[in-house]
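Each structure below is given as structure tokens.
Same chain, two partners: chain A is paired with chain B first, then with chain C.
Up next, the complex of A and B:
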């Protein structure tokens, strides 16, 4: 086991805020992540049997679609899932070699491929299923929060955000410092009632999910149940209603 | 920086690329701008271009998987000549010289004898203005792309009603809409703009209602999902119209000023003028001026036209305004919410509430832009007053045999609310609106050896005189487009080409030449039958369709059926233009177009199809493809054509940087540096309209004048929206016996019935033709957001997302049929049966089953393993869909007006499989062989462009 000290108050906690109100489950985040990262920090993101019967690969980000509830009350949920960069990450504390670590600088949880022995203890420990074992390399891989993109001085500043965030067509993914209460992501979480996943487990995930906005039942006022008829077409020839209307072209 | 104790040093700024090139995505039809990062000649990363007007920096799953598409193991590698039987996949490699010489011989012989014997159909082509022009210069009328089996209902209904249409030619005003009502949208089309827009709309607190039998993607985030029964959208819309008319909550001023609501329609049944507009001697439609008490030209400004009431005109007889007819029709109790609710599967309470919400949003939620504008008549308006109700529709409305009229009904609803191109409403994307009636007529009335057509093969008929039929009323095109079977088939009818060519109806052809169209598989109705037709032989042992030439970049299911394969490049290896002459990237803010530039060089013996067409054109000596000496006119290939071809003086494939100095947008001389400008600008051009020109484009002087200057329209006349589509009545009058050009007897009643100039609803044809108790359910497909048709099963990443497809069944319905999750069932239609595995779900109309489109693959195709899950656990609903309606008449399973393939009319029943039948989908045609030159696909993929190969 690795000794691990949780970060002090005020340290940076980089993470994602995912908006379940607008996520349409398009998988753009998952694929763009794969595309960036297969040549990135943990390259490659191996695919096994890619053109065969049971293709499988390393993905740092997966989108699940499921239905909640039944009948009229049911809804379809698209739920993107990736590493939550926990403040008290079980994957780090269980790692026997110290390969899994949480960066002091920004809280990003990474795996050191040089010291990972592929024992998979971390994937057993992670309750969020956010670890991806690369069979070919024999090491564990995971979301790096695009650590090689967000600080990359070879990229224009505006592009220094995780791939999943910059590509998301529905603007459902946001990146920032959740340790700073004034950051745009923290404010968004406060305004929209963002939640952490399974807080009861105590791992203090950094990422937040914004719940769907309440469904609008009316149209602003809520008064529109039905239109008041202006006349009875059965009692009067419909066209007569408009016969004397003077219009101008 | 030294890392803290215990942390390894990592490189936070690795070199990403040596070079970043912009181009246009082609992973679907959206035409997003992309930036391709190249490192050591390999593609390191593809991302959205933030400056691009279509996607503004975002990129979907498909676009993000471009690396895998570009490197697909299913890429064709060299020209191929068939050596085995058709369908087996046995080929030999030949050289391009041999391939082109062979094609030139075949095509040259046809051109010199009977050019109609070439059927040239180009599928998901994004260069239709070029391929269509090639067909015209060759001299065959038998040309179209895939629109006839995609969304021609939507396009034609829009173009004949409002001079624009959903998706391609219009978009919701995402910035100002308070309410969006969306119908049946394919989630892989226009997907980034819609996702960007929905996010904005929801953040602003506007309401989003999705009408769709199935609750996936967009419907999942809608404020309200209305799980309508397929094919009844028109009824729902007409009930909404009924409600707003009855409440008199309509925009009468808008109707009088911008639509043909006031135009007088002759009501003299039996007369040759019945149902046409009464006109003055100059041909202008008449209205009744209530103040002057006389008929006046409806096109005059300042008149006080009556909108209802009968008048008797000496030259015409009894007449009423269009609105009078309209109000009469939709106020009928037959269109009341209570009358349609059960058929739609939507409660009358819901319909009434939606109508009320539309009205509230349109008239009470004020959206005004402080921007003066001047109308066509010179009247200044201090503000742009909105009607913040937007509509959007696509395949779910379009792919039914009542789709044209349903889409028309939607446009009528927009007009009644005054919600067309106003702040908050649906808006035109430039170069639309286009005048109505307008547009070129389809060419091909006369066809002669070695002679070009008189114009372009596709166009917009306005009366029976424009049809392509012979004296007996028989079709003269191989797909029977522009015949009495489908008079307004503005996109052709590619879905009938193979069946008609096989039957020799209306005549046999010699060569079928296709590009990028998987017509033996997921693009075919009746896929199994189509495969049989492609391989069927005559008594003398030759194929019934004698020759098939096919161009594709990949080993699609169609390749095995061709005799000669011309391998195309990937989208990253070519020049292309996304032209104002066909399907540009304009937006409501202004016209735009784009190019693709080669960002990597092909490593195979392949050529861009457009280069090959230019080469063939020159070899055949087609006018326009050779100079006066007979030498190729565009020796530089497609990029040469793009920059230098002029369709009309000053008008070419690209509108940006025209003129010798690049200073003439829209119209101007060819510019040798044009492509350089595009490349420097991120491979697109966009012209911003002035602020005063951004709304009311049909009547906005600033817009109309600007559009003339840019060459988008010819005259700055107002474009009057058509509630009542008079051209439809001309066809109907012919069917009633008027005029010289008459439909054949077997189609007379059909034309008389369906060519209603006001939208009407009728039961979809297949539903009406089959025993509905025997086939009690509807079956439709949805497009997954992460796949585009058949293309993406070869993509190592995307196939991990959708590698098989289930049949989705409403949970309660499944339970009532004793069907559980994971059960295997036969989906049985009047035409055939398909075996699939079930997944129950809540968010599905109870009378409807559905599946993802085009996931099922033929064994061996796309260089997938023979037992890939796409073949054993994927299936095509296409096998259950016939191209013809039940019965011996060969009546197309299509919309009677446009010929649009009625994919979603399918009716089925479910039968549980016997225990010995479970485990694999069916039908499962034999495995096709891997062609020569194509290596077995890798067993492991470790793509990493950061390391040397």
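Up next, the complex of A and C:
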């Protein structure tokens, strides 16, 4: 059903917390996402003309790089972008068929590929560009939060996290229940001042982004920045100079 | 936003069709229109063709057109679903009105009720179409109070121009229809001017800073896009499409959709019958062509907030 009751306080809100301080922009999350999901719930993630110059395909996760600030204080920020599993998902309410839905039990937003008519209105309604149309299948596709991985009892427990999270070499991606204020992800958001994207639109995204930590100035140790004096034999005591010559032989 | 041909044709054709059917129903009930069954066939036939053709055109942009029937199920939340239901419901009074007028030649109570119900459902359908765009918060140029009135006025304008042309072709003339078209053209010109002023002088609340959550660090610029090629988002929501020539196209809209019909309608009401027919027909063609350009611009000038992730500095 397209319409849904907003989740009560304390219900599970599964989502991601992405640390923009540690993300190195390696695109491993995007690649592993593609690899898992092209045989997962919304498979395949079709590529059109994959070996040509005009290659174009469906991805659930894309990594942008931005420059923020100016001059000495400017920073390069790598920015992975995927579905934020909003609490007020307009992509769900605009859907004319009910193919788009938000799960009551954990808040994951999914598309039923059997009832989607491919009208694309949900992709227009999403301000974040989370939905991509599969021209081959004629239906809309989007991040599933790896719903077929996180509940998969055939996998070892530590692997039951979204593919983007398990693959991140910089530990910049975290998965958990943002509806539980005591979960590790919620604590991380509280400590680091995690932000939601485009809050002005009122979609109430569940995913949070941790802003880059303030830039450090000077040397990392905080002690004097003075270096060791350069080695200069001419300035040495003659006896030491002789010793140095003997020892370098 | 990518101006999909099928959607532009759909909104223009169905708008004109509903405008024509609505005015036909209203003016038939008031006894203003020629009562001949042949005229009824021309008016209601053209209106039904435009509405149906428009609806069929809109299904051609679906990825799975064979499932289109599913779109009538979510009226509680979806304007697209409401539009589909309203469009289907509108066929009921149109059919009764048409059978009564064209096939039975009657103007009794049931036919008059159907004739009066036609404009109600036509207005509801056009309203739902407009609300699909009006309700999309990521598109500043759509999510504003100027959009819905323009859709309604353009539907009335194109419908009145068509009815006026058909009246002239039928050898008749109605000052009331011409007056409705003239007023709609003047109102349309004013509303579009107001819409463009709004678009030019306001900006979306979303910026690259709010889109990335990096407001605290100063100005945010795209350094590297995620990939070198294109993708669905860039093609569908891309901001590079057809915004060139916007100023010229706006002028074409003002001239073709509003100024030419306005002038020709005044001319037609003063001219002798034969030139008046030409003037009325050209006015209708010009109005429809201008509306097509207006719809194209409505899409081309709309910037989706996702463009902020692909280098746009404002949406």
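Methods note: the second predicted complex is superposed on the first by the 211 of 249 C-alpha atoms of A that agree within 3 Å, B and C clash if a C-alpha of one lies under 4 Å from a C-alpha of the other, contacts with A are read in each partner's own complex, and residues count from 1 in each chain.
The rule is short, and it goes like this: a contact is a pair of C-beta atoms (placed from the backbone, for glycine too) under 8 Å apart; a residue touches a chain by one contact, two chains touch by 3 or more.
Fair warning: this is a prediction, and the values are worked out from it, not measured in the lab.
Looking at the shared chain after the overlay, A:77 reaches both chain B and chain C.
In the superposition on chain A, A:56 makes contact with both chain B and chain C.
For chain A, the partner with contacts to more residues, out of chain B and chain C, is B. Judged by the touch definition given at the top, the superposed model places A:212 against both chain B and chain C. In the overlay built on the shared chain, the residue A:69 is in contact with chain B and with chain C. In the superposed model, A:112 makes contact with chain B only, not with chain C.
Of the two partner chains placed by superposition, only chain B is touched by A:40; chain C is not.
Once the two complexes are laid over each other on the shared chain, residue contacts for A:245 go to chain B alone; chain C is not touched. In the superposed model, A:204 makes contact with neither chain B nor chain C.
Residues 25, 27, 30, 53-57, 59, 65, 67, 69-70, 74-77, 98, 115, 212 of chain A lie in contact with chain B in one complex and with chain C in the other.
Per the touch definition, chain A reaches chain C in the complex via residues 1-3, 20, 25, 27, 30, 53-59, 62-70, 73-77, 79, 81, 90, 92-99, 115-121, 123-129, 132-135, 137-140, 195-203, 209, 211-212. Partner chain B is touched in their complex by these residues of chain A: 21-28, 30-32, 34-36, 38-41, 43-44, 46-57, 59, 65, 67, 69-71, 74-78, 98, 101, 103-105, 110, 112, 114-115, 136, 147-148, 151-155, 158-159, 163, 166-172, 212-213, 215-221, 223-231, 233-234, 237-249.
Residue ranges of chain C in contact with chain A, taken from their complex: 1, 61-65, 67-68, 70-74, 76-81, 84, 132, 135-139, 205-206, 208, 210-214, 216-227, 229-233, 236-237, 304-306, 309-310.
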